[in-house]
Amino acid sequence: GGADDYFGAVIAADGKIEPRDEMPEAYRKSLIRQIAQHAHSEIIGMQPEGNWISRAPSLKRKAILLAKVQDEAGHGLYLYAAAETLGVDRADLYEMLLDGRQKYSSIFNYPTLTWADVGAIGWLVDGAAIVNQVPLCRCSYGPYARAMIRVCKEESFHQRQGYEILHVLANGSPEQKAMAQDAIDRWWYPSLAMFGPPDTDSTHSAQSMAWKIKRFSNDELRQKFVDMTVQQAEVLGLSLPDPDLRLGEDGHWAYTQPDYDELFTVIKGDGPCNRQRIEHRRAAWEDGAWVREAATAYAKKREGATV
Amino acid sequence: MTTVDELLALGDDALIAAQRLAEWTTRAPELEEDVALANIALDLLGQARMLLSYAADLERAGLEGAGRDEDALAYLRGEREFRNAQLTELPRGDFADALVRMLFFAAYQRELYAELAAGPDERLAAIAGKASKEVAYHVDHAIMWTLRLGDGTDESHRRAQAAVDRLWPYTFELFEDRPHLREAWLAAVEPVLAEATLDRPEDGRFRPTGGRKGVHTEHMGYLLAEMQSLHRAHPGASW
Amino acid sequence: GGADDYFGAVIAADGKIEPRDEMPEAYRKSLIRQIAQHAHSEIIGMQPEGNWISRAPSLKRKAILLAKVQDEAGHGLYLYAAAETLGVDRADLYEMLLDGRQKYSSIFNYPTLTWADVGAIGWLVDGAAIVNQVPLCRCSYGPYARAMIRVCKEESFHQRQGYEILHVLANGSPEQKAMAQDAIDRWWYPSLAMFGPPDTDSTHSAQSMAWKIKRFSNDELRQKFVDMTVQQAEVLGLSLPDPDLRLGEDGHWAYTQPDYDELFTVIKGDGPCNRQRIEHRRAAWEDGAWVREAATAYAKKREGATV
Amino acid sequence: MTTVDELLALGDDALIAAQRLAEWTTRAPELEEDVALANIALDLLGQARMLLSYAADLERAGLEGAGRDEDALAYLRGEREFRNAQLTELPRGDFADALVRMLFFAAYQRELYAELAAGPDERLAAIAGKASKEVAYHVDHAIMWTLRLGDGTDESHRRAQAAVDRLWPYTFELFEDRPHLREAWLAAVEPVLAEATLDRPEDGRFRPTGGRKGVHTEHMGYLLAEMQSLHRAHPGASW
């Protein structure tokens, strides 16, 4: 039909699809799934770092961390708004998160055990997120692409802050340096796993590439992240926990793939913190029900009063 | 001249209020409120840092050799050395406690900072001037929610009234050093309670006090234990 | 009547009234009031010290403190049992505590601010309690007198432990010594107030003396406590916060009376922790309702099964 | 020969379980239970002290100069150095959580101590022998309450089942070093659950682990912050 023709032409011309444009149902559904998962990840991702706000070791670090976690809530808000342009409701997406019908990034199912984990999340996890997300700034769906531009800008700021935390620790007391190395040892493979299964096993990639939602394969992005990170680790004077890392003749670093069995265990809900993360969010949502009801009731009374 | 102790009272109020409010992060009833409460906590933390840095500079000026900085004041003082009012250290409570406390505290800070901004201590006046703009927003935010909760549902009214009743006795301590500010505070708070259909409690005999002399509630020790734990576990470290 | 004659004769002969003996209704009521208040004091008194169990500064001190607070629960149990011999029910007494119809010792309405407060409570508060309670071991009501013998034995153990805490602090770092002095400064006058208003103002004393429930006046007991404590403070090398303390020619120490206005404020419910103490107890009671109901339901089922 | 790390695992289990259980003091559903829970916490604390002292002695034997004592081990190690199983550090929860956790943990300790009491390490055998008598009482107490809660009211059954479901996955970690003990443990626990009309959960794929290598839940840091706060605030002090 004409709609499909228009959609196809825009995609072919690297243009933007906007909310009122007609689009294939599968494209719409695929985008909703992806944007919602992305939004959920921002919201759930507040927890592992939020765990250290009350204990941040200096007032400056406390302020930076609080601002970062606040930014994540903000990112969640933009992204839910982008999803809503596709005809869904934030409350429904929220419900799908809470009952497990929609996912969030599995990286947030690991615990933050020390302050250095806050640095490692900033450096590695935000670093991996940026590599994943920069291409999304050119994604074919306009509202998502625009949200990603803003998100990426703030994320790279967060990544630098994480790097700086580790840099200070790496140059601090022996205990601090050990703390930094320990955090990297624990977060390295989960960060690699953020790019998803190897290309040979990836289920959604081909269609997403054709629709210009996705622009690089999982393994391409993962390689980019490894190359970038190896260099930064050297500057930090900390090591990555992969004895087989070596620079190939093609200028890329060869690396050991993460344990995808473990990844699937976490994705299926059995990681260390899956239950805790959802339970925490559910408790916040349920404990706040009376507040949301009060706001609605108050707004109705005002409407009544002004009529 | 402003004394170190006065600055500690101001800075500790802001610091402990920020610490409590930041506990709401990831726990707010809606995402917009997560953002708003974190924002207000950040404002208070910023005020605390300026005030404690000033206290540290003033303290250093009276000492031989090296003195303390904002982190030494925040992380290495014991409970008996903190000068905040008890209102700021009370447990997080429910959302009504958080917002009613914000109303009472921000309305107090508004009067306080307005006075200090016009005062003779230039450094303090500059801090207060900057903070005044922030606090005006805190007051607005707290009023908005006090109205919604007080005049929302039966449940929210009940909770809001309970919060008002629980917290009111702790407001007297705020005005111990500056009793003349209470009139303007009452003029701001009473109409909000009235519009929110909440009863303004009587001024009873229960008026907890002692914070300015380091006598706190039993909740304070736990707050400090958590806040200071990492810093104290690594004596002398930089972060 | 004959009953009153018997009662009067036993009292006159310094004998013991036992539960099945007839006794004047006013004697019974007065005893219930006093024993219940005493039991409530043990239970509420667990809170200020319980506040430091999780933070006790050594494992040995943690064990001693936990055992002490457990003893207080045990004292509560004996005393409620003694009250029950007078025909009341523990649950009813509990309710009267929670709704404010019965009192507990006002000393427990002050907060424990530092570890030294645990020492000061042991030394001063338990010390004052012992002075108050030793004569009660000879009280005319048998079950109360016997409960007090056991309580007093453990209390004097607790007092020594409190003294030892302060002794270690007084001989420790300057911060520790200051902590000990600060605690004594805050607990001294409230401890003096534990003996009640001066004899001139005391309402219940005369009748209690006649019934041989009470054997010394408030001021006699207070003086005894002051004389004992002044000497111990000297050994500790810590001072009592009363500049007018001086040894009189009669061998007793003259002292400044506590501020009874403050005492009455606390008695009437407006001390620093009155609300918190009752709220804490009420929460424990209400949170445990489903547990008590389960135990009752289970016991009924067993009864049914054995019939 | 027993290693320091093995002793730390044993001692930390007892210490952290005692710390959590002691949180119930002044909060139990009835006075008798306040006494009982404090008593059990005291037993566990006593075990922890003997085990950590042994660990300290063993550690000192391998070192030049002064080593650590039980307090240095309890108060001056960081979270990553604690070797307790995660089951012991989970938050206090409700009374069903407390008693079901006690059932699972005490039944494990009973098998463990019986084995150690008959083992070749004499000092450890003596500690385990003494602890065995205590733990037998803990098991009895937990069984009594599991029956009452499971077969009490609908509400108590619901809570007890929720506690069983929540805690079961954490029991696998207890047997990582001694898998052969699980059979006897199951033989003790399963009939209790059955008599209490509680479903024995399936052995799922969620089997939290890491405690023995110092990988804990996010709850552990807060427990340690509180427990160690006073000790760390006064470096080098005696108490």
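In order of appearance the chains are A, B, C and D, and numbering begins at 1 in each one.
Definition applied: contacts are C-beta pairs under 8 Å (C-beta built on N, C-alpha and C of every residue); 3 or more make two chains touch, one makes a residue touch a chain.
Here the structure is a predicted model, which is why all the values come from computation and not from measurement.
C-beta contact counts were set side by side for B-C and C-D; C-D has more.
Ranking all chains by how far their C-alpha centres lie from the centre of subunit C, first place goes to A.
Subunit B and subunit C have Cα centroids separated by 37 Å. If you average the Cα atoms of subunit B and of subunit D, the two centres end up 40 Å apart. Note: centroid distance subunit A to subunit C, computed from Cα atoms, is 58 Å. Between subunit C and subunit D, the centres computed from C-alpha atoms are 34 Å apart. Shown for subunit C are the residues in touch with two or more other chains, namely 55, 175.
Shown for subunit D are the residues that touch two or more other chains, namely 78, 221, 225-226, 229-230. All chain pairs in contact, by the document's touch criterion: A-B, A-D, B-C, B-D, C-D. Of all the residues in subunit C, the ones that touch subunit D in their complex are 43, 46-47, 50, 53-63, 66-67, 69-70, 73-74, 76-77, 80, 115, 165, 168, 172-173, 175-176, 280-281, 283-285, 287-298, 301.
By the touch criterion stated above, subunit D contacts subunit C in their complex at residues 15, 19, 22-23, 25-35, 38-39, 41-42, 45-46, 48-49, 52, 70-71, 74-75, 94-95, 147-149, 151-153, 155-156, 159, 226-227, 229-231, 234, 236-239. Interface residues of subunit B, counted against subunit D in their complex, comprise 78, 221-222, 224-226, 228-230, 232-233, 235. Here subunit D touches subunit A in the complex through residues 78-80, 204-206, 208, 210, 215-218, 221, 225, going by the rule given at the top. By the touch criterion stated above, subunit C contacts subunit B in their complex at residues 48, 51, 55, 111-114, 175, 179, 182, 186, 265, 268-270, 272-276.
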